[in-house]
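Next come two complexes, and both contain chain A; in the first it sits with chain B, in the second with chain C.
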Partner chain A sequence: MMPRAKLVAQKREAAAALLDGRALPEGGAWATKARNAAEARLREMGLPVKRDEYWRYTDPRRLTDANVQPGKLHAQDDETPVFDAVDRVKLVFVDGVFDASASDAPELAGVEICHLAEAARADLHWARDLFGVLEARGQVPVARPLASLNSAFATEGLLIRVTGKAEKPVSLIYQRKDPAAEALTHHVIRLEAGAELTLLENGPVAARYNQVLEMDIADGAVLHHVRAQGRDHERAGATHLFARLGAEAQFKSFTLSANGALTRNEAVIWLDGAEGSAHIAGTTVGDGAFHHDDTVFINHAAPRCESRQVFKKVLRHGAVGVFQGKILVDQAAQLTDGYQISQSLLLDENAQFLAKPELEIYADDVKCSHGSTSGEIDQSQLFYLRARGVPEDQAKLLLVLAFLAEALEEIADPVLAEDLRGKMEAWLKRRA
Partner chain B sequence: MLEINNLHCELEDDSEVKILRGVSLTINPGEVHAIMGPNGSGKSTLSYVLSGRDGYEVTEGSTTLDGADLLEMEPEERAAAGLFLAFQYPVEIPGVGNMTFLRTAVNAQRKARGEEELSAGEFLKIIRAKAKELQIDADMLKRPVNVGFSGGEKKRNEILQMAMLEPKMCILDETDSGLDVDAMKLVADGVNALRDAGRSFLVITHYQRLLNHIKPDVVHIMSEGRIIKTGGPDLALEVEENGYGDLLAEAQA
Partner chain C sequence: MVALDESQLREGVDRETVETVQSMAGTYKHGWETEIEMEFAPKGLNEDIVRLISEKNGEPDWLLEWRLDAYRRWLTMESPDWAMLNIPEIDYQEQYYYATPKSMVEKPKSLDEVDPKLLETYAKLGIPLKEQAILAGVEGADEGRKVAVDAVFDSVSVGTTFRKELAAAGVIFCSISEAVREHPELVKKYLGSVVPQNDNYFAALNSAVFSDGSFVYIPAGVKCPMELSTYFRINAENTGQFERTLIVAEKGSHVSYLEGCTAPKRDTHQLHAAVVEIVVLEDAEVKYSTVQNWYPGDENGKGGIYNFVTKRADCREARAKVMWTQVETGSAITWKYPSCVLRGDDSQGEFYSIAIANNWQQADTGTKMVHLGKNTRSRIVSKGISAGHAQNTYRGLVSMHPRATSSRNYTQCDSLLIGDKCGAHTVPYIEVRNASSRVEHEATTSKVDDDQLFYCRQRGMDEEEAVALVVNGFCKEVLQELPMEFAMEAQALVAISLEGSVG
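Here is the complex of A and B:
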């Protein structure tokens, strides 16, 4: 076992090597300050390595290597893109760079949308108070150096401020054109008290990507976030979602992941105000060279809040699923209602699911439950369906979709839920 | 209709365990046969072998449905050919709505038989009428298959499936177990409503009381993997009064 000090030194050296000769982007006063601070955090923490407890199930090298592994672009086909039927404001990124000409006009009543570069020049005080701030807060209790790397170097991203009830979703679409591009995007979303927004994200992003979402949801505001990570098999990405909720605020985030060589989705959620509600859910379907890691940290810091984590993974042909989920209940957070479930359905003996659920509770009057299971298709259920005349393949598909159903129920909008359910069904059928 | 000839089977994992040791019986169209027998006599296994459940190895004998070799068919093919098993323990399937399940099953069978699939509207109309007869409410149709159903609700749900699928050969495996008198009557009424000249039933039960409601034409007594006696409805009454002891002794003599 390597002594801790030596490991830390190695991690710092790796960060220094990565930063060597790399200048921070130019920007306005507040942005430069935020980037300098982020870079300093990164130097202090060092780069993640597999020996870190926090990375024990996922090897971060592909995310931290100086060289980006190129990934084949998905062949064009006739498949309907996700969210196609939804009326929304489309904002398009190509290889991680915002493409205004391919996007809708960023105009929506009650919503201000502005590009990061533009905001960095202007003195947008609300953005200044958030950019890199939630990320910095998210560095405890464990280090998330890739998020600091993002705050330091991302020049692409949108700042979205919502002051009313947005009448349609804002949809971020990530397209890939370059087989070897790396993308760093950093979005900041601020919902003022009582505001409402649905934020959609989809697309393969880039050969390698590092995304940060900072979300500040003020008292009584409602944010629905639905994300589809699909298509290209060879992409690798790390995402960090930092969300802070005020009193009676509601946040629902759902992620569908299909394909991708390596994906690490981290979510850090603080329930700072009484009676907030945060739900985070995901369904993952993986086949072959696929490694998917959901790492969630929810901090109940105020009384009478509710949180739910529902993660379901369908894996086969060597696919690996990881879930690390922690609920931390502060002493002040009495009457917390926390729920966490992570389950995998292994379609053959070569797939693997690794789970590490954790509860840390300092309040005495709380209700918290967690569960994690790993299993195969239930043979008695399969026989029951077949005995009623349902062919084996169709019966299996029905049971896999049934397994995913609990997570899909976390999508509030039935149209979006049905859309994603259909995408998963199509994916499963293609691989039947 | 159903022809079982000298059927032998053992457990797939343990060939020493021989469960059926030469079962033969013939059920003609429109007939109701009952099989009674003590625990472990092989009654339920017979229903599983007929419907195609894994885990059993048929070593001898044959089984045909309208002349077609059942043992060569997958479970779904047997269902499409008109065989139905009402399970002793209906399986719970969280995440699959009862209605979705039934519609998928009905249409899969229709498709397999080369018939037109039912539209959502047509299906809804039929299921509503049939569910009402069995006192199955809209909520039970919406809920996941058998999840949170009481014992009686599960059995009624089995009969609803039977009514929707309109099989020609129905096997009821201890459908009376776990039912109170009222629930049993409801289930029996559902079965009786389906009786017609072209449909046959094989009713597996421990007790004679179900046969008060579903009147059999033929009663078989099964023991140690064989049918040891066949008779009319009176045979069931005899068992009710005297138990299986005399019959078993007679068979061994």
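Here is the complex of A and C:
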């Protein structure tokens, strides 16, 4: 067998080995149909391996291995948890399982919240038009088998439907109790035309987790998504965010990542309606055994849309930062404005930054650009601050925060932005 | 006044423009064929063909073994599928791997004995092979600038000019088959040392069946007294051209090398899989310029050359410098990534590229800058232009290894789209494995600026001319890196390649 066919066979065998003897969760008609389809997709694609072009910079073994590597729980310290400054509806997951008793009542005007486990038992649910559907669409042009694995087996997650302007953010909090738990969570979020929602996520989730978010943002709807991944240093996780935007819809997603042994965050965005706007941003602060991968795919499928990707990474002591970002502009998407920047600041000689920023453009009247830089702290800037009497540690901190600021500006709510900035500063100080 | 056919006209385009465009659409100036008696090896590829090629070239056993090794490795390899190219399946058994003009079977002893038809071919292409016909250089200069030429016709080198003058300087410039005979120790030492036999599918194929190409050796401390040039011509039908170029620049030497290529118009596709290896030693400098103008196929995508080329320079020692400049206007499909391995400390690599794809052409081209030594520097400037139904991709790698501290890269790749049926793509890989290196990458994609076009049109230029001028402006940073003769040719080529792309 020639090498390529052999690789495909190996990947399929690995998927079959993982699936054998593992029954799909029980459920109603719609859920069973979606899960069967997802399992078939996974068998066809096979499990990801490092030799896949798409996993070139991140070794997926820890995410696909039959055994979950246990991760030490983070010792609580006196730092205030993230987002505490914001009035919100708190929904708590413990090791990936929804805990109603620890959560607020899921009641919010204009917002309908339902537990996946419960909805999956029903024969019919609005989520059937989205659950596994956006994920399936996201398998082109590259396979994302971990997302199909999630659609097939996830029983935990929330189905959130927003019909008006949500008066408070919905906040998903992921706590860890079991040092060796694995979590599969799958959320579906549907914003009806003109609806508005802020969705917050934070917490370490589990020793290993696989999360899928499917978001359908109808015409004129606005979704703000802010998440903070962090704390426990030994956890490993893969997340997939699939979002479809209607005409004049807006989507902003920001992710702060601190710590974590291995994180792969994938975002797949379709701008399906004219004049939609999608901003995907993130800051990563990594220290030590830390591998963080942001993989973003934005498809401009309609005219006059705008997209921005802003990713900043500060790395040291062997930390590895990966950015793979792609803008695909269809022939129909004239007058597209696409922008992408990925930058890393390497604080010592052992850190690494690996990037593949791509443009694929089939329309001629577009404005698309990307930039990517990597380097150490600018010595002249450091000198400037030192010359003005700022001690070296503080000067470096200032420069690191200034470097991260451009990504934080992508958070629409200044209170949330300031909250995360403060957390990042505290993290940097602790590790200085 | 003759009535205008409205369907053919767009606002602002007069009839004359339309007619010019129509008459020129798909023009390819070098599409004729030389009728000359050829000797072919049997069609198809197997070990016997490899042996035959080796025998025809009178090669020593080690080279035959080397070729066979490459062939056996090739059999276990697959054609690369990662480029953004739609490559129809190639039947490697339907090609001729060796074709030589009959008159060359018995090697002529001097250019005077070469078939006049062959010399005419090159004269028609504007390439004088006769030594007395020195290329005119800069106007007003006391002495014309000299360029030594090695001309390769299908599989064999037909002649190399200025040999005596070069020999006096110690420079060896000859066909690679001749180098195997005359300088076996040099060939054995360097052949495959930059691009190993199993480097990739097409390099393996080339290693097995390469028939000729150029060999350049610049001794230590020598600044090559003139520019060296190889001119490649594919003439015979169904014949692949697999040339191999090897350039060795010893310590402190300096050479500028030019390469040009053309082929006749044919309905069928032809394969060109070349390998260029450059070894640059301490303080040496090599400048390699290419104007690639293989037949691109007609305006419906019929015919054209498949250009699958591996080019790599190895800056082996400190302060070595290499510079690739390419103007890619031809070929139906281009798969080409001239690369620099910056092994020596303080070594330097540069890559300047213009890639134009019109009609149904597909180009996937770029560079690799592999930084291994300390304080190494690289610079990439790439300009891609897509028109018609063409797809044009820049693909590049910048890799800073852990040991390559305090290194520097700057990359700029700009794409220009003319029309809404073509595509422009950018696929850079950036791998930074140390902190003190600085890497910057910028890329933009846009269309030809309407204001600039309007400005030119207002001053009486027709739309074609205006586009050509704007595009030449867009490419300026690269054009100015080309040697003089090439710069003029390239500028004209830019305009010709875009003919038929507007209106």
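Following the convention adopted for this analysis, the second predicted complex is superposed on the first by the 427 of 432 C-alpha atoms of A that agree within 3 Å, B and C clash if a C-alpha of one lies under 4 Å from a C-alpha of the other, contacts with A are read in each partner's own complex, and residues count from 1 in each chain.
In this section, a contact is a pair of C-beta atoms (placed from the backbone, for glycine too) under 8 Å apart; a residue touches a chain by one contact, two chains touch by 3 or more.
If you're wondering where the values come from, they're calculated on a predicted model, not measured in any experiment.
Undergrad: Check the residue A:E392 against both partner chains and state whether it touches chain B (first), chain C (second), both, or neither.
TA: first
Undergrad: Would you check which partner chain A:K356 touches, where first means chain B only, second means chain C only, and both and neither mean what they say?
TA: The answer is second: A:K356 touches chain C but not chain B.
Undergrad: Answer with first, second, both or neither: which of chain B and chain C does A:R4 touch in the superposed model?
TA: Once the two structures are laid over each other on A, A:R4 reaches chain C alone.
Undergrad: Answer with first, second, both or neither: which of chain B and chain C does A:Q139 touch in the superposed model?
TA: It touches nothing on chain B or chain C.
Undergrad: Return first, second, both or neither, reflecting whether A:T373 touches chain B, chain C, both chains, or no partner chain.
TA: Once the two structures are laid over each other on A, A:T373 reaches chain C alone.
Undergrad: Quick one: classify A:T163 as touching chain B (first), chain C (second), both or neither.
TA: neither
Undergrad: Check the contacts made with chain A and report whether chain B or chain C touches more of its residues.
TA: C
Undergrad: Quick one: classify A:L401 as touching chain B (first), chain C (second), both or neither.
TA: Touch status of A:L401: first partner only.
Undergrad: Using the touch definition from the top, list the residues of chain B that touch chain A in their complex.
TA: 51-54, 74-76, 78-80, 85, 87, 90-96, 101, 104-106, 108-109, 112, 144, 161, 165
Undergrad: Under the touch definition given earlier, write down the residues of chain C that touch chain A in their complex.
TA: Of all residues in chain C, those touching chain A are 76-78, 81-82, 84, 402, 405, 415, 417-447.
Undergrad: State the interface residues of chain A toward chain B in the complex, per the touch definition above.
TA: 379-381, 383-392, 394-395, 398-399, 401-406
Undergrad: Mind pulling up the chain A residues that touch chain C in the complex?
TA: 2-4, 53, 331, 334, 344, 346-376
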